[in-house]
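Common to both upcoming complexes is subunit A, partnered first by subunit B, then by subunit C.
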Partner chain A sequence: MPSDDICLENCYARHLENPFLVLGLAPVASGADVERTGQKLLAMLAAGLIEAENYTTPFGPAMRTAEQVRWAMAELRDPCRRLGHEWWARGWQGVEVGT
Partner chain B sequence: MIYLLSAVVLAAWAAALWRHNGGGAVARGVLLMSLAATGVRLLAGNVGVWAEGMLDVGIALLITIVLPVWMCVYFPTWFAWRVLQPFGLRPAVLAGFWMSALVRRRDIPSIRIFLGALRNVPFPSASLVTADAWTALAAAVQAEHQRAFARVDAIIEALTHLPSETRFPGLARQVGVEVLARRAASRRDWAAVLRMTRIGHGRSVRFLALLAQAESGMSFSLGRLRLAWILAPMRIRTYRQVRALAQLSQSRAAITPPPPQLKTPQAALEIAVFSDARLRHVRLLGAAAKGQTIAMQEVLSLAHAWQKALDGESLARLHARALELDVRNGAQQAQTVKASVLQELTELADVAVGDLPPLGGGSSTDSLVDALAHSVQNHLYLKVDKTLAPLDADPAKRAPHPLAAWENWLALREAVDRFEQRVGQDALKALWYSQIRDRVWGWAYGEWKERGEQSGWAMAIVFDWMADQAEVLGDLPAAAINRENARVARLAV
Partner chain C sequence: MFIGIDLGTSNSSLAVFDGDSVVMVPSSLGENLTPSVVRMDARGAIVTGRKAFRFLESDPGNTWGEFKRIMGTGERLPFAAAGQALLPEELSAKVLASLLADAHDALGFMPRAAVISTPALFELPQNHATLRAGKLAGLSDVALIQEPIASAIAAGWRAEHEGLWLVFDLGGGTLDVSLLETQDGRLRVVDHSGDNFLGGKDMDNVLVDWAVGELRRERTLPKLDRENPASRRALCKLKAACEQTKIELSRQACATLSVSELCDDESGNVVNVDLAVARADFAQLIEPFVARSLAVVRDLLARNQRHADDVARVVFVGGPTLIPSLRERVSAFFGGRVAEGVDPMTAVARGAALYAATIGLSARPARASVSAQSGLALRIEFPPVTADAEPFVVGRFLPAHGERLPERVRIRRQDGGVVFGDAPISAEGSFVLQVALLRHQQNHFQVQAVDSAGKDMALATSRFAIVHGVSVADPPLSRSVGVACADDSTQVYFAKGTPLPARRTFVHQTVRGVAAHSEDDVLAVPVVQGESVRAHRNRLVGMLQIRGVKQDLPAGTRIEVTLQLDRSGQLHTRADVPALGQTFEDIAHVLVPTASLDTAEKEIHKTNQRTDEIRRRAFQSGMAAAVSAIEELPVALAEAERNLSAARGGDVDASQKVHRLLLEINTALDDAEAMLEWPDLDREAHACSLYYTQMVAQWGTPAEQQLFDQVLQSAADARRGRNVVDLERALQAMRSLCKASYWRNPQSLLGEMDWLSAHVTEATDVARAQQLIDKARLAHQQGDPIAFKATLAEVWQHFPSSREDQHKSFGSGIR
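This part shows the complex of A and B:
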């Protein structure tokens, strides 16, 4: 039987996987910032550094993987997609993430 | 006098068994009782010689009637379930159930499926599955293994609201409900335990119901909880929990102080949650995704907040930013954002508790609330349509066994109930005549014709539901015919 909870869980997970949150960047970050931070996180994850394995969201910490970082970078390279993510990410600007 | 009394008691017992469990159970019961009585008689003879005529009438009745009745009615299932089942001795457990006069001969294959489900054994081939309360409980146990709790809830909900004459054996209420309630208790889902124990009975179920009441903060009597714990099995395993509840209930006399005032950064989040629709939106999605109950009022209030957040100025800013990013179709992007918000609001409204505002009821500034009401209605209609699809009269598209067919119908029933609650009876009436009635009727008739008594229990419930719906919607001919169909299907069980 189809479950509404699964749809809701997917929607919620999608919001918490906002590329700006995954990369730990503000919505105003430039393309160069995105690339630099993404590469840095990939290197840290490849080296197995624990501090790179989690990222903070307004609703608690979440797990970060190399696939997510690559996906986030790809999303922010596309201006159309970036616009949508940026608009949502502005919602939690000014909130101390990770509370 | 004692012989006359014994004969009357035995005749009443046999008649009750005949009515509930059929002639086979009586024959097995009489056979077992004869064996038990012979054994007890030998014992009683020796006790009688030893007591030298000092036993009174009460003890004589206890030895000659009560003990044999208990031995052959309750002992086999008790021994099979409490002693043999924990060791996984499925054939021995099944033999114990067979020897009990509480079990109907035709329930044995379904009990086998239920015992298999406890060990995560898949259902056998379709021809061996009969839809009844035992197999429904087996499906619920299987869903528990798969952590498909929505499916467990749907089955429990259906068993809670069975039509009055539908068969639900006492032993299934005792054993099957105990298994499910224990599993729900082990994951501390006390609301589910309370729902499940409503349809069960027995010592263990009674204890679990009281435990769930206590654990979920409802008022409870400590004395009753302790008594239920003493009477229930598995006392050692639950001792600590009962002791902790007893200590808690004794320390509850104090008045609870208010929660401490929020300080940053949690306070900053709370303030932001109330000031920004996006944050409120994600917070509400999170609450709903975690299975918390959300009120329709909260969803409507969020829609009002979105109405302001998605006004011309906000969308103009988005458009301007689109130009900065060199996105050509900025207006289209703004519409995409709006559509995605509406879609997620619809998901939230779908699970929220409460009434939707009537269509066109919102003010001119509440176009999003109106769009939400439209979208929810459309969503509910699509759900009815989707759940109707598997109910096909075509034998080639039929569910693999009658219980799976019954579960398909459970999904439809839930969708129809939601549609009626949210959209209203007039819209349901139109849907009843145009889509539901003939399709479900044709499907149930096909199931019955194809599978006969194997599907009798399930189809009696479906025909009863059809009759109830038809009655409420004023379709009296369909109500009368389906009531009769339900009666005929029930006779086969």
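This part shows the complex of A and C:
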């Protein structure tokens, strides 16, 4: 096992990529919302729009990439995987952690 | 124009999608299918397709087909007359080049990009080889798509159906069965399964064996089998005739298998073949294959907790699915719900062309640069194909020096002038607008920009088109990809089903030091593909090597490893060492392994012994599941031995099959072994539950205690269901939670120090480890808990995983 600090860092990295955070959506978002928002973000990223390049997390802004958006869309299409992400996203809601 | 290519084992084809309809591009002989066959004459001149196919029988030493079955291997196929030997991807490139030349004739330009289909069960090395074939054929941009997804797109891209689909794709060499789901017009792959050793060629072979048996009843034939290199030519002739008979039996109840001058019999008389084959007899011959294919279907459904009744439609793909007995059996299994209007022979190429449109991979050569066109430059981003009737269009103006940005922008649909938006332009020159699409057709749009005076401005690019159809989810990864760590664990970077492209970085630590400026001291970062938490049970697909570091790297150095898979599954890897400011990108792509036949023979012998040993243990334990897991293995081993003989006779495909069979047999033995180790694992789980529960209850936070309860439940479920993988995962989670709780015990660090002191001789650098332990002891005595903890953490970095684990995990140098 890597050291505890590194385990924690890898763990944060994984959770900060929660699909709802990446897409900027609430855990109640519908499938259609997910698809439309994802498509819009992909187009904005491809056009190089600055406003699409970051997203908000409880630990401060994180950089958004097209790969993350595609992954987030795919994760939320799978009902079982979506459940897990919803659970975490509900936990993140309202959480403010200092960077 | 968008191009899709089905690069098949037996035949290949190319389709073009122009935004409205998909058409097949015929070869110069007017056929939609081009045989995947290459011939090279004595002068080195290459002939492909139908012209080469004719020489398969008469000149097998200089003509090759079915090379897709050995894609990704380093096996060079020899052309005796020319004295050359080519890799499978080089031969595939010749077939692709021939298809592209046909496209050039039909379209008037040489395509620059295309989507090529690959079987769903292809692994990274095979995909890499296919991409290389595309590049060698002259394509500058190639994307891959899994064959079942391509078939499903072809079958359903304009359909209104929702629900589950099953694509039954039986090609020349492989069976791919995929479960797909269309929901809200979006198509996604739920799961897939298959058999790498089941295809139309196996049915040809069984007919060959039958024919040889029939001939032997009448006369004494020379040794006519795959083991004998001298019989290759006669067998090629017979096999081609059998394939033809198989095709005829799909259309008629009886066919004649005819071959003139097959060979001479032992009396020196010419053997002519003239055998009547009834469809019913053929059905009986291929029955084991049909049963095997249905077993794959049942397994896939069961794995996904689905029943045949849940499947709304079945799509048949591949020539062998035209065989009536097979089609009837599969169709009956699904209550006759077969998708109509899908041509099994061209569905893959058609779907691939449609997919090229969804990812915007235009086949046209690049146009003249934007600056050469008059007007303000504009970059428009939109989904070329979408199920969303109101998609977003994003634009960004790129003004040259002195040019002004427009004030507002609108988009006009060119079918009666419906106008969308009148949006202002942002400070960075961009706009985001939603447009409405006419359903199931291509919608053409034009962007209009207006200046502050209300006048239209000239734009360099203003027109685009969006097709309303089925949105296709990005191609999912067929097997998880990760990095093997030195303790034989796998750090999963991309789980199975992750959409491609994908990129992810995780932090690791080196388990040993690396000497500066040495090309020999190499730290390995093995990249593996598979689902097991144990690294050695997965398949090695790449190896990143860290060597030639600028200064000595101590054990425990932080390494940031990034894996990137492009849309086609091409692997890119890098490791950053922040302490040195050095980056390593030296990825060695691993080929599909091939071994010498002598090595394969030894391996079969070893596997036989292992099978005997595990069978003995399985019977002794009385564990029915373990016995059942290995009961088919003697058959598979016998098949491996048969294929080894065929490989010695010059059958390259058989050589590859031996390797794959051995891999599958050993995986089954691993599983059986895991079951036999179940009692120990179960005892460990029981002991851990008791010990860890106490630890977490005493020192854990409420959240940790809650999580621990859930993990305990998972462990209990896994123990009840005797699920080794789930129990190993649950144990791993229990250990992590216990560890987190344990550190809250003020005595924990002292206990840790005692353990390290007692085991210091196991450190990679004993002197340094002892020095650090002394330092930690001093920090404790001086009442400095922060330094005490930090120093102990440093000591751990000198304690590697066991040599055995490191060896098993492909020599991984990281954790």
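Here, the second predicted complex is superposed on the first by the 91 of 99 C-alpha atoms of A that agree within 3 Å, B and C clash if a C-alpha of one lies under 4 Å from a C-alpha of the other, contacts with A are read in each partner's own complex, and residues count from 1 in each chain.
Heads up, the rule we're going with is that a residue touches a chain if its C-beta (ideal position, glycine included) is under 8 Å from a C-beta of that chain, and two chains touch if they have at least 3 such contacts.
If you're wondering where the values come from, they're calculated on a predicted model, not measured in any experiment.
Steric overlap between subunit B and subunit C is present once the structures are superposed on subunit A. Using the contact criterion defined above for the overlaid structures, shared-chain residue A:Ala32 touches subunit C, although it does not reach subunit B. Within the superposed three-chain model, A:Trp92 lies in touch with subunit B and out of touch with subunit C [touch as defined at top].
In the overlay built on the shared chain, the residue A:His15 is in contact with subunit B alone; subunit C does not reach it. Legend: residue contacts after superposition of the two complexes on their common chain; A:Leu83 is shown touching subunit B, with no touch to subunit C.
By the touch criterion defined above, A:Pro58 reaches subunit B but does not reach subunit C. In the superposition on chain A, A:Leu49 makes contact with subunit C only, while subunit B stays out of contact range. With chain A as the common frame, the single stretch of subunit B that clashes into subunit C is 419-427; none of the other options in 41-49, 203-211 or 419-427 do.
Residues common to the contacts of subunit A with subunit B and with subunit C across the two structures: 1-5, 7, 9, 13. On the subunit B side of its complex with subunit A, the touching residues are 148, 150-151, 154, 264-266, 268-269, 272, 276-279, 281-283, 285-286, 288-289, 291, 318, 321-322, 325-327, 330, 333, 336-337, 340, 344, 347-348, 350-351, 386, 407, 410-411. Only residues 1-5, 7-9, 11-13, 15-16, 58-59, 79-80, 82-84, 86-88, 90-92, 94-96, 99 of subunit A touch subunit B when the two sit together in their complex. Residues 1-7, 9-10, 13, 31-32, 35-36, 39-40, 42-44, 46-50, 65-67, 70-71, 73-74, 77-78 of subunit A touch subunit C in their complex. Contacts from subunit C toward subunit A in the complex involve residues 183-184, 186, 188, 379, 381-383, 386-388, 390-396, 426, 428, 430, 432, 471, 473-474, 476, 487, 497-499, 501-503, 505-509, 556, 558, 736, 743, 793, 796-797, 815.
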